[in-house]
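So, here come the structures, one by one.
The same subunit A turns up in both complexes below, where it pairs with subunit B and then with subunit C.
Right after this comes the complex of A and B.
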């Protein structure tokens, strides 16, 4: 066996891809490095000393506010958004398998939500809550704001998933005496489970780092992106970078969990 | 692998796992019509399928055979008409209430469940207790020769094995009617022939009513007690394999069951001979042909056919008084083994004809491509086709 000779195109494209990866991970690498400075570190290179001082400090009280509670808040919000997005997108996907009256209109209405500028959605929800005399909270108004962002995406994915889903499996289940409910839990759900992991991951990450749709409607308690943004204006220590490092680690852990779950479900089918 | 032979089950054995509780019911379709928004899939279909028979719905794709099967199964609602199984009207019942089970074309085995779970699924849905379920699944798997494969996933099995799992899954709930949608089409040729005879054996053994959809003539001929030939949502002919083969009822059937030479022409005369008619047709490019059949109307357009193997080769000059004869030029000679197929073309019009002879006999004639053949056939071998 001889190695096939690679064309010039391969090297050009490889170089472009290399640049892309550098662009993607370069800033993150800088952030991670700067967060590992000694206690006397500053916001710019060169690094001054090496320690985990700033990483540890993330978990403590900051000069203004702290990170742990907003992180937990964002995490909880992300999980909430994830669960609701998965549940509703599956139901919507099931509904759209049958062509009901007005399905096209609802489809376009849903997609429109992706086009409206995020900050306007936030503003609109804020005004609506104001008119109704409700308090804006991260778990009510901000949750709604996030869902206007994650649900259309989740819905689109589920449309694709059910498009590829072979209805003969359900017919076979029905033929063997399964009710619609049994057919859903026994056949449909296990078969679409790997795709649901994807939907869940996407919904969680979209919510976890959402800024615009939270900005005006999170109430008196900040989510993590709002907290970090607030601190960029008045925190001048590498603690800011340390937050970046810690959240990146959290993201990788979440991705690892998701991939494991995906593999678990995929091993159980072709 | 033997299907059925390894287990001492018979139609009379009371230990049989798939022995129906009562005798398998006959099926009756009464004026069944299936309409989609813009097309008629099945039109006014009336058909009786006797209990315990093997029935094949035969026809090209789009003829309505699969729709008919799916209406029997309950996966498709009838637009009008009635379906009876025994003395029960079933056309409004869900699939599981019909005592039918379906074997799907690509088996539709649940990929995320093991073979055992697949076979036991129907029992589980019916609330059969775990222990009884396990016993029945084991019996079923033994029946189809897959006793050791219970823990596998369907994708880890070969096509033939998957087919057996599908069969075991369908039989596990002890249906009285088994509905098979092209069950052999996904198998390769040799496996198809083998599985075919196993299906037949299984059907005989348990005395079930089998209704099978197929587009393959040989499959229908070898399996079915009787064949329903369908075309454009209508039944063209119902009969045994021999009847369909020897006495096609229409031009479509004659064409579909293959190897018929069909001649269209105008009816010149009809005279009764016994309980049948001798019909004389004027066929353009051939002349006058005498056919046997019924339903000829003088002056109407009709057709007649003769099977490719029913024609006689006249060596030398035409026989002087043969009523049906023609000359045609050889365009190709195909050796297929025992039989040689000779493709012919009429010299004066472009109709293609087929002549089949035992290879031995054909070689003895010494004919070559491009030569003119004189063929003749008797009026009895010439079937009149009124439409």
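Right after this comes the complex of A and C.
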């Protein structure tokens, strides 16, 4: 195929695309730069000095609050949500390869979870726990709230994966005498592994950054986004930006690990 | 053997279904029931009253609903206007698959970072001493710093676009890359102009993508309370932020009635979009 000549349309659209990327990344860049100011720094440009003072201060005890514990809490919750989302969505994906009574109901229930305004999930779980006399905690109510957000994405991805899945490998394994369990662990799982990396990363980051569905139901121990939201009302130093920079770096590291793992598993595909 | 297979299917789908029954359906039913309860100033008690719903149909509340619709329509329109060219560029003007994936990932990465941080990141731009004010002062367009960039409806819309436009880009891109290129070649061969090809072939085939993106934007913006609160400095109101305030003062029955209406309105819009466009084949 010969390369079509680049038209005026191409350059106009390329400019719009460039502006869009700038729009996405520009503000974040400013936050990173401003978190690298000296101790006398403020919330706006120009930068006052250059140091790692504010970034280091994130890891210490300080008057605006402590971030290591909420971070560890969010990280643990993210891992839990990730493990459950991957396991549950793979199981449901396997089930949806067959037609069964009630599959439409479960499908629409999942879609509903995706499009119900987040505050309803938060409010509903909060009131339900209240009436049942249960304590809201990050590992119970907030975990449930997070799953209502991550599972629909995970499930829809798994549906797509199993739609494209070539069953001949599995049938071959079965013809050679493999049990269902054997053919799953030795044939199906290695084949869908790259997609699972994607599901895992998506679930973890969605949970790690989740705010709206957890706002009312994380109990007395805040997750990191809730802690940061609390900061926005009373912090006027670059410490705010430093926390933002550190959590964003964590997100980027997770994405990088996922991409590396994805490439690793893709290279082992038949 | 057949029954075991069936049982196996149901066992496999049980965990996910339980999650949605316990943490979605049951809470929604609870909201519905509590919306008829009474509130005596400090606690709620079971009842069957319509007072919470009647309270919604007052001018103050209706204004809040109108304001929420306003945000939804503005953000939807602008998100579509931004997302379509971006998706179109990726789908039709980037021919190298590696570049296409790379640029697509570039657009999606911010989606994996914290919404709160992304809101905060507008402060250095829009604040009283922010970049925008400095530029305007230096150009002599304004004489004194303008306060209303941050903490205004403008800031709310800007931040929502920043957060949600991607939800429009992805479905549109998805439907654009699936368009059979032979259709376009055929239209061009039959003498259609570029604009005609767009109007008669590309646009109709991308409508399902627009519909899915619109559903995302509508449901996200209709239930918004964080962005509205943070970016308007507590000045603007939306149904979500009203619910949030009522929860803050423990008025669960009133908050629930509001939530029921919000859900019904949102679902009505979603069903309307789904009826208008056949999105089934995109799923």
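Simple rule for what comes next: the second predicted complex is superposed on the first by the 264 of 270 C-alpha atoms of A that agree within 3 Å, B and C clash if a C-alpha of one lies under 4 Å from a C-alpha of the other, contacts with A are read in each partner's own complex, and residues count from 1 in each chain.
In the analysis below, contacts are C-beta pairs under 8 Å (C-beta built on N, C-alpha and C of every residue); 3 or more make two chains touch, one makes a residue touch a chain.
Remember, it's a predicted structure, so these values are computed and weren't measured experimentally.
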Sharing subunit A, do subunit B and subunit C clash or fit in the superposition? fit
In the superposed arrangement, does A:229 touch subunit B (first), subunit C (second), both or neither? second
Contacts for A:182 in the overlay, against subunit B (first) and subunit C (second): which applies, first, second, both or neither? first
Who does A:172 touch here: subunit B (first), subunit C (second), both, or neither? first
Quick check for you: in the superposed arrangement, does A:244 touch first (subunit B), second (subunit C), both or neither? second
Just to be sure I read the superposition right, which of the two partners does A:264 touch: subunit B = first, subunit C = second, or both, or neither? neither
Examine A:190 and indicate which partner it touches, taking first as subunit B and second as subunit C; both and neither are also allowed. first
So, does A:52 touch the first partner subunit B, the second partner subunit C, both, or neither? neither
The answer to whether subunit B or subunit C touches more of subunit A is C
Between subunit B and subunit C, what is the tightest CA to CA spacing in Å in the combined model? 10
Which parts of subunit A are in contact with subunit B and also with subunit C? none
In the complex formed with subunit A, which residues of subunit B make contact? 73-75, 94-96, 100-102, 104, 106, 108-112, 121-122, 125-126, 153, 155, 169, 173
Along subunit C, where are the residues that touch subunit A in the complex? 5-6, 8-10, 12-13, 15-17, 19-28, 30-31, 34, 82, 85-86, 88-90, 93, 95, 103, 106-107, 109-110, 112-125, 127, 129-131, 134, 162, 165, 194, 215-216, 219-220, 222-223, 225-226, 230, 240, 243-244, 247, 252, 255-256, 259, 262-263, 266, 270, 283
Provide the residue numbers of subunit A that touch subunit B in the complex, in ascending order. 166, 168-169, 171-179, 182, 186-187, 190-191, 268-270
Can you tell me which positions in subunit A touch subunit C when the two form their complex? 1, 3, 9-10, 13-14, 16-17, 20-21, 23-28, 30-31, 34, 42-45, 84, 87-89, 91-92, 94-96, 98, 100, 103, 106, 109-110, 112-113, 115-121, 123-128, 130-131, 144-145, 147-148, 151, 155-156, 180, 201-202, 205, 208-209, 211-212, 215-216, 225, 228-229, 232, 240-241, 243-244, 247-248, 251-252, 254-255
